[in-house]
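See structure below.
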């Protein structure tokens, strides 16, 4: 429960309404009741405000007059809502080591650390202050986890990897698996030992069932503030710049270097040994076959259409070079290309 | 071991042959021996029946005369076979709690529940009658699992999620990870707490290494009878209608609503905030960039071809708008477009 | 630490330099110091050798004169480097069963086997000599693991599956989940019990968070020397031939048969019931919609381009059959197609 007056002062927002009114949780605009906080980011939907019974609504200054009850006023209501929601819904902080956890005696356990049931923590692991380790997590030897980082149940962090402070790692994720490195020996493949590590900065979030390979030689690096969604695959020696966000099911091949502040939408595939500049934005399912050296929005794919027309169009795609040549022949004959 | 007479009466099939003959397992048509049950669904392959040494073959009425041994007759042999196979191969039912499991004392354990080795079950979890929990499973606080649901080893169900009755969840799957929700703060990303849950209906099957995010506000919902294959990613606040089947490696982005009785083939990607109607069928690797409001079959992609011709065709794809404009110029000149 | 003379004789390489010089680890060409071994595979980069302070460089015979220090000479420097790296960085061999592991008394534990913390090993499992089982691994009943195989933390091997000798399985992987097999019953789906197993040959590597389904009837088969990268999905009854390598995020649908010595790049999707010949190479994100019966390189997709031009080109893709027909009309009129 937070008083609106307290939220307004903590978040530096203007309040129009009752500072002693209390809210206890967030809700969507259409369902929020008296104990709930909500927001409106898109002024075109201002009409929906008049019906709201929310305990308070965070709005832009121009929309404040349309709020029938309490209004918190912010230049960016979505951002203010995110911060207010963090205050209303802090992560449940536990501490102590569950009796069933297997924690090597050499582990350095900081103040306020929690280790869940059935976790296994190897030799010479460092868990800094306030680290939360969920049930069933495995952390191998010589790993360091920075202060306040939350590792959800059933994550694996393999030997020697380093996680920064204030990160969140979701369940099922694997950090530090071997890269896919082989040398050909005739028809066989000879393994190349993968001796690098994974280094993850501060404030990095990693979704569920992600895999991040250790470097072959040198490290795989995820810089501060990077956000990775579920099912992402990061190959060995990839480098991801600060504050880049990568959506679900993306695969990044080995040694590719992605810049800062990029957004990469779902199921994009990025080939190996490429360089992606800062501020590149790639739309969903794009096939990144070459380096993208200029900021901008990039895309690929054929969109979606009815199967019947797609079958015809895809057959023509396979004739496309021929079609272009035939068009050229006609243009030459008609001299339309002058 | 089941007598053919018992199978015929339980499944309401006609039997042509010996009701006292017994079969103990299923097999394929080409390998089935005297103790094995098989089926033929496609009458065009009727010729294969004559060689069969199967203990019994389930066939359509028109194919019964071609079976040299015992025939079970069904209008839909594949469906009858599925049911017969369930009778011959019931899931191995265990019960009891393994000594190494860590089960909070507040857990409500129904009759006939089994909990495997190294499992961790949190506070106030409800496991209804006959629930089977595999080894290494983690179930966080306040989760409910409906009667008869089977959770295979090393699944994670995070706090507050609800699973219906008669579901099967395969290994490595994560239910209730946080959605990928952030507000921009300049170049940084501010987390938006994800306070919804995941609600899963009855008879839902979920494959291996799937991830299903909890709702941001409100719940992610999987209705009764939905089937999800391996490596599927379901983002926050997605809603999947009854009896829809989704094949491996599909990603569904946030807040998309998929109707009933859809089939979505492997590695399809579906963008966020879309509506997919009932009875929509999407072919493999399609890129769903817009809502599909009519039932039907939808597709995308360029199919497969030799790399050499693909390289030429894809270069032409990048000129396609230009090609179309040049064609239009010629048509105007020749007035073929009247 | 290895003497160069020892490396040269073990690996059958020529040494130009000091046989008593010792190296202790591998490094990249640009960073390698006196205790480090590196290699140069691409003679066009020979100029970089002159700056190297590496303890030794593995090079082709033609490049040996450019090495300022110790040179190990090999016809294939990358392959020789892989083998040297294996000698310098052997996997850490442990043995013994961690006190927190739950190992059924019926398990056959070979000489030198290690079982990590919180592992759960079921009934009648066979772990041959030198098998290494990581923390949190679950192995169900009746599984056999061949000599020297390394199973990293938090892998699941389900009942009855067979792994060969000398394999490596990375964390989060699931072997033996049920295939996605259903029969339609009106609008509902009836489960078809999946009664086959997974059989994995010798020297197979499997990446992190991979899923390999058991066969419906008969087995899913991965032959000797196959390499699978992270997040790969192998459906029921797939058969993968010897020494085929499959990169990250690939999905292979049910009953498809892939030949020997194929390479399948990242995020390729392969439809079901196809046959892929030996020595087929498929480029990244290709959509394999039909059997590929001839060796060769195959591709699909539209590559990457600026979003603005892509939007125009993809709109034209949806008109492509119409465009081709209009071109044909013009050709007929002009008789350019003679």
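Annotations for the structure displayed:
Order of writing sets the labels: A, B and C. Residues in every chain begin at 1.
As a working rule, a residue touches a chain if its C-beta (ideal position, glycine included) is under 8 Å from a C-beta of that chain, and two chains touch if they have at least 3 such contacts.
Quick caveat: nothing in here was measured; it's all calculated off a predicted structure.
Subunit C is reached from subunit A by a rotation of 120°, derived from superposing Cα atoms (nearest 5). Comparing the contact residues of subunit B and subunit C by number shows a mostly separate set, under half of all numbers used being common to the two copies. In whole angstrom, the spacing between the mean C-alpha positions of subunit B and subunit C is 26. Contact of a single residue of subunit C with at least two other chains is seen at positions 100, 118, 136, 154, 172, 209, 231, 249, 267, 301-303, 305, 317, 319-320, 323, 327, 330, 334. Contact residues of subunit B toward subunit A in the complex are 100, 102, 118-120, 122, 136, 138, 140, 154, 156, 158, 172-174, 177-178, 180, 182-185, 187-193, 195, 209-211, 213, 217-218, 231, 233, 235, 249, 251, 253, 267, 269, 271, 282-283, 286-290, 292, 296-303, 305, 309, 312-313, 315-317, 319-320, 323, 326-327, 329-330, 333-334.
Interface of subunit B with subunit C (complex): residues 25-28, 31, 76, 78-79, 81-83, 85-86, 88-89, 98-100, 116-118, 134-136, 152-154, 168, 170-172, 203, 205, 207-209, 225, 227, 229-231, 242-243, 245, 247-249, 260-261, 266-267, 284-285, 301-308, 310-311, 314, 317-321, 323-324, 327, 330-331, 334, 336-337.
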